[in-house]
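Quick one: structure below, then a few questions.
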Amino acid sequence: MQSLVSVDQLEVHFAVRTGFMQSMFGKETPVVRAVDGVSFELGKGEILCLAGESGSGKTTTGKAILRLVEPTGGKVLYEGEDVRSYNRLRLRAFRQEAQIIFQDPYESLNPRQTVFSTVAEPLEVNNLCRSLAEKEERVAQALVDAGLHNPRELFLRYPHELSGGQRQRLAIAGALVLDPKFIVADEPVSMLDLSIRAGILKLMVDLRDKKGIGYLFITHDLSLAWLVSDRIAIMYLGKIVELGSADKVIKEPLHPYTRALVSVIPTPRRKVITQQSLLKGETPDPVNVPAGCRFHPRCPEAKPRCREAVPLYREVRPGHFAACHLLDS
Amino acid sequence: MTLLEVNDLTTYYKLKEGRVRACEGVSLRLEKGEALGLVGESASGKTTVALSLIKLLPENASIAGGSIKLDGKELVTAAEEEMRKIRWKEISIIFQGAMNALNPVRTVGDQIAETLKIHDKLTDREAWQRTRALFEKVEIDPDRVREYPHEFSGGMRQRAMIAMAIACNPRLVIGDEPTTALDVMVQAQVLQLLQQLREEIEMGLILITHDLSVVGETCDKVAVMYAGQIAEYGPTEEVFTRPAHPYTRALIAAFPDIEGERALASSIPGNPPNLLYPPPGCRFHERCSEAKPLCREAQPRTININNHHYASCHLLDRQVKSCRA
Amino acid sequence: MKMRGYVLRKLGQTVLTIFVVLVFNFFLFRIMPGNPVRILIRNPKISAEALQRITEQFGLNQSKFVQFGYYLRDLFTGDLGHSFVYRKPVLDVIMEKLPPTLLLTGTATILSIIIGVILGVIFAWKRGSKLDVAGLSLSLVLYSMPSFWVGILMVMLFAVYWPIFPIGGMSVPGTYYATIWSQLGSLLRHMLLPTVTFALILIGEYVLIMRNSLLEVMSEDYMLTARAKGVSNRNLLRRHALPNAMLPMVTLIAMNLGFIVGGAIQVETVFSWPGLGRLMYTALMGRDYPLLQGIFLFVTVCVVGANFCADLLYRYLDPRVKS
Amino acid sequence: MLQTQTRKDRFTLLKKNLSTFWGVYRENTMGIAGLVILLFFALMALVGPHLVTYTGEIEGAEMVLQPPSAAHWLGTDDLGRDVFAGVVVGSRISLLVGLAATVISMVIGAIIGIAAGYYGKTVDTILMRFTDIFLVIPWLPLMLVMAALLGPSLGNIIFVIGITGWAGTARIIRSQTLSIKERPYVERARAIGSGDLHIMVHHILPNVFPLIFANTILVAAVAILSETTLSFLGMGDPTRMSWGVMLHFAFEMGAVSFGAWWWLIPPGVCVVLVVLGFTFIGYALDEVLNPKLRRR
Amino acid sequence: MVKHTRWLTVLAALMVLALFAGLIGCSPGESDRHVLRVGFLREIEGLNPMTIWSYQAYEVMNLNYNRLITWDENMNVVSDLAKEWEVSEDGLTWTFILHEGVKWHDGEPFTAEDVKFTFEYIRDNELGYFVDYVAAMTDIQAPDETTVVITLEEPLAWMPNILVPILPKHIWENVDPEEANSDYENSEPIGTGPFQVVEHVTGEYTRMAANKDYFKGAPKIDEVIFQTFANADLMVQALKRGDIDAITSCPAAQFKALQEEAPEGIKLLDAMTPAFTELAINVWDDPASNGNPLLRDPKVRAAMEHAIDRERVLEVAFFGYGETGSTLVPSVYDFWHLKLDADEFRSFDIEKSKGILEEAGYKVGSDGIRASADGEPLSFTVSVRSESPDSRKAAELMKEWFKEAGIDLKIEVIDEGTLTDRIYEGDFDLFIWGWFVDVDPSSILKIMTTGEIMSWSDSFYSNPEYDELYEKQQFTLDLDERQEIIHEMQRIVYEDAPYIILSYDPELQAYRTDRFKGWVQNPAGGPVMFTNTIETYEKLEPIN
């Protein structure tokens, strides 16, 4: 598969805001290691899923690739070119090809913009239409593409006059209007009711099939990840702990963390939780990252070595990567 | 032994535009120590049911009819003074979003001890001792009783809320989306804790959620709500394996199951109705793939399918079927 | 440590604010039209040599930068300049007038906070009732009235039409009182009208703030929890709602200090109350610039300082920001 | 802001927005009362001065300080001028000063608030420190000092009130901007390649606008009170009658001694009514624009 | 929280109780002391005679200190500290014989040395406003304890009117002259006067206790309190309520109200004072002048005067108190005042005004405003002091009349400080202000001399003939001859009209006659207080 986006040792560190006085007295500024050395490749027309709990850095990774958050280290290659080296003009062009869809359709649409303005805005910002008629045409087409079948009737509506599903479709139309090649979908359905989720997911997969769009699909829901993606990457505290094809990661997880996650995947027909011994505690704060393997304090199988050395992220099986000392022996 | 019996509960909200029929003709039964899951999508009236049960409805809402019997005692007509004694001692509730449900300027322990002082008339010392014991029970370090809510993580807050809910050993706990905002792992932890506690102190549990899996995990019975009404009601196993109502069927089908086939299910077309102007007939008919002309006209009856398994759908109604035939 | 860091940071900000006010104050009075020396002297007959002497004395022949240096040096030694009307150091004049102002504004503020909070709570608790509507409307009307106007109406009614209270001032000069009680009685008689005027204006605002703040708190989820727990109405209010609702009041009371200073100018002017407010007015009327500058600086620094204290108090009261 | 195809569409949209707004607003008794009050005074200020004559009745000292009568509804003042005419003529200056000062305040406040909130970091720190300073400086002394230094004139008084009143607005706008800036639709706008200015004008401004508008109303109330107070304290332009100037002269020229209540009460009542009108509308807008409050 | 609430309740209860106690508490206790309370609208800015400048502070000074001479009610110079005096033939040597046994407030004896010290101290250090009186004294001797001999450079017409308070040498010799001219507070002033300041609260009141050892006999009242009011209304109310016993410089409006009400036990006094209010015109013909050049045309000024109805100004702006004005020396000083003939006086006649302007070539433009041949419009700005609402009223009236005559008048209100500043830079067209005229006309005449430009002159008038006459009158010892010169000077100034004198001002006073008797008007028909002398205070008696 041809590589569309290639991420190499991506790092995003935020300085925790401290007072002027504190920095005066030479205190070391604490750093949030939101993303701490993440590498993966995304092929053309591929759906790669970035899964993990909140605070694992998956959203930040997605935004850093689009430079909505400035990376502090590593490389992001888009079609072989480093996104971080883009100047303003090139960045603008890049942003036409790489789009983002957000989690909450109630929040991701400007409540004071009509449907038409929302979808037409990317065209206007980038000066892509010569005439009003052309603009209308493209907006209508994008709306249809996103599964909204009576586009012209919707033009003058406001987002709050639409249902949740329609809103998310509108958000997708706003991304589609520029004919992107790459979309970061940040939990696109987690705020939607179950009964309308599938429709949106289907739309996204269809678009991949028809237009060859590559997706970076960010979610905390492993069962969804398994359903829609080609490959899944599991993140924990700013690092990818496991990456492989969807089936392999879910059915034959290598990393203890993935195993724990998979074991609690909700399903209506079986009782899992009551019998399981669950992971204790919660994901620690990314300011005080544990030494050695980041997962060791919660790992049921932790060995003394895990406390000291950082495990190597390597290809354990063909196409299946993981970072765990237990796999080394 | 029946702990709670709800019959034909109807609650309306008054808005300027008219009445919102948030909950209409809801009937439920809960045996002692049993867990009931109340499932529904957003705005299906789940929370209204919960608030009606404990009679903490907002000012513009009122119970318009039906009865709620706790141990045979009627709550709908009970005076506020009486309800105040019943609340927490008999029924307690865990609200969704524990950050906002705890008073930010008082310590967590203080808020739990307060409950004990009010209902069990404990002295200050006894109350704090019991609070520490409760903390231990929900697996929080008892030394943290004097901390403020903002010093707790999300999971701990929800645990503290559970500790508060079980403080007076109530016979019924209502959990209103208690795990919604939590990560899967923490959600599993909390559910596990709830399950353990329920077995330990033999309390009844009504778990309100939009997540089918949570119900499957913890509940003996499930009630599926749609647009303010109960669509289907029965033992969890039974309902999940043999769903009778088209809505339940569609809902279960839409749920991704990693043990099933790796394919996207079809979603339910359309949107839930606006409860200000509910559609005539069956409220689901607009989205139902199997709807008949009758569904548009008449409200379906509640049909007893077998052994405590009920559903409200014309398609199941033998009388209707025979009529047609 | 975090608390100390916070105090230090706030202190730094406060000092910065005061410094900017100093700079502002310095230039404000130097960009005014006309020759500052003339305004300082106000004696048309003054000789050229005397003018020269004054110019040098005030450093006005130096660059603005050097002048600012002198200005700062003087301030740090407590020298706020010389009032040309009173021929006295400005600080002395201010200190002489400070106690009456503190007495008046202090009493009125405390009174209005107590009454305002109590009424605000009552109205919020009975929201939507006739009492609430009436109380809210009255508060809004009070809030909309210019302080001086209320004062004039008070004088007209209670000192002229029905002369039950003194017209103004703080005492009858040159009166000897038989006992401390009769002296106190006389002071209270003089204080009553201005205090009531002042308090009326403030009460309106405090009622509104308290009512809103309490309503906001009462719609919070934790209030529902508390109700669900079976907490009695009394305790619901006292132990759950008020501690939260009082928090914004602390900040607002501090923020209101500026408003109180403004009110003091008006009320003291109308009632001839011998305080800082009236001093400012007379300084304004007499274009006593050094005095005006001094009062302005003094008052501003006091208000900034009070805000600093309120910040710390807030920090102390609200556990959320403590750690 | 609202880019739509044709002018007709734009008009339809505007009509739709207004009627939605009006639909909610009309339910608010307080808001309607405030609107009625303000419309009354606006009419008075616009039309009134053409209907009444307000000049000294040079002809006779016997007309000085007469109580209300059929000829002079609200009596006469120290120059024998009709107080009612004075109130009508004064409304123009009072409202003009109030509104002009408000506009200055709002423009400064909105620009500083949006810039600080949007750019954040150093820009925010500097602007907000500056705003905080303005916020804590007691406003009346500051206005008095500035007015005294600049001299009494209409322009100066507008300037002084305008320049001192923006800090609160800037703070509110900033915090709103901060929250809007974090909304995904702003991030989306950046993701499609919009520049800062585009985002501020098309996304931030329309969303803080209701707040600016509601705030304008409240600031206007304060501005009118400020004008009255400043003028009363002798910092106004005595050659242009405003309600504050009228009260100033009434107090200075012996209205209390004469028992000339008709000269003291009407201008004061007008001020209270206008301020009340603004406050009512402000409260109503707050309820209309803030759905959280509407529930109550 | 519980505790707090309780505390607050207690606090509130206490406060209410205290206020209630205050309500029923006694009104200010009337003791057997007799206190005269005088109210006015200006503050007493200080007690140091060298730096004070207000009228009110001077009154306190006059009660606290004595001068060598004073006046009787016919304006004749009579004895004060000086028992008698004589002048040498050449008019250069004045010998003053002082009263014996006079004591300072602190008990020290008063001697001729004190007088010598005072004059020399002021002369050598150029102190205050008093230096004018002593500058020409070349030699001052105190040959014995009660004799002072003063030698002058040249004979002076105004002698022996030396209006200088005599200071105690034993106090003031220790005062650094530099301090005396600036910061010296003189907080417990020691003088020889009938009263001494015992308490001075800045901006509020000044309390003076009677001097039981006063050399003219102890005053019959125990104390005088001068009280500052921020507002005339409040002052009048205080008088009516009996809180104070007398008010001075009452604004016309309030006085009018009092008069209409005519409250029992209050005497209202509409007395003339040697003061006038003028419309000053910038006639400065100099590149530095910023005044409108058209004002330098005497015809324009004459036309303006014809367009002013002084009667109406008095009636409306000053409620009819005072007299219409004309020449520089007020009519109170009957002897020096020039009474103009009817044909000389430019009376109110707008037609005449129009005629003069028409004739001088000022044609009416389309906007009704006249313009000079060069097209410069007759458009002026009159500056009115914000401190004086009365003059604003006058200006508003003039605006109407001027408009009729074809002159555009704009009114600008500024404070005295700024106006003073502007005046000395010649940056004005017109302003309304006033002068208080000394017993001797010399000082008021001086302001129109060329030498006073950039000093006391505020219309920048300059006329060599006038200057010459001024010099001449100063040394003319013959009264009739001097009177003639002074009349001529007034005529010249009136003709040229750098000032349009609107009115001779009244001093409006009101005092309670039910509490005190013995109020003395000095000069005859003049005010009872705040006048040339302090006779009232010396003679006032309480009514029991």
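Here are some notes:
Going by the order they are written in, the chains are A, B, C, D and E; count residues from 1 in each one.
Heads up, the rule we're going with is that a contact is a pair of C-beta atoms (placed from the backbone, for glycine too) under 8 Å apart; a residue touches a chain by one contact, two chains touch by 3 or more.
Since the structure is predicted, the reported quantities are computational estimates derived from the model, not experimental observations.
Here the chain-to-chain distance from chain D to chain E, counted in touching steps, is 1.
Greatest Cα centroid separation from chain B: this falls to E. If you average the Cα atoms of chain A and of chain E, the two centres end up 87 Å apart. For this pair, chain A with chain D, the centres built from the Cα atoms lie 48 Å apart. Separation between the centroids of chain B and chain D, computed from CA atoms only, is 51 Å.
One simple way to say how far apart two chains are is to compare their mean CA positions; for chain A and chain B this gives 32 Å. In chain E, 231, 234, 237, 415, 418 are the positions where the chain touches two or more neighbouring chains simultaneously. Multi-chain contact residues of chain C (touching two or more other chains): 33, 155, 160, 239, 243, 269-270, 281, 285, 287.
Against chain E, in their complex, chain C makes its touches with residues 33-35, 38-39, 42-45, 47, 82, 85-88, 93, 96-97, 107, 110-111, 114-115, 155, 159-160, 163, 166-169, 172-178, 181-182, 184-189, 191-192, 238-239, 242-243, 269-270, 272, 274, 278-279, 281-282, 285-287. Interface residues of chain C, counted against chain B in their complex, comprise 220-222, 224-232, 239-240, 243-244, 247, 317-320, 323. By the touch rule above, chain D contacts chain C in their complex via residues 129-130, 132-133, 135-142, 144-146, 148-151, 221, 225, 228-229, 232-235, 247, 251, 256, 259, 261, 264-265, 268, 271-272, 275-276, 279-280, 283, 292, 295-296.
Interface residues of chain B, counted against chain A in their complex, comprise 41-42, 153-155, 183-189, 191-192, 195, 210-218, 240-241, 250-252, 254-259, 262-269, 271-272. Of all residues in chain B, only 54, 56, 84-85, 87-89, 92-93, 95, 97, 100-107, 114-115, 118-119, 148, 150-151, 164 touch chain C in the complex they form.
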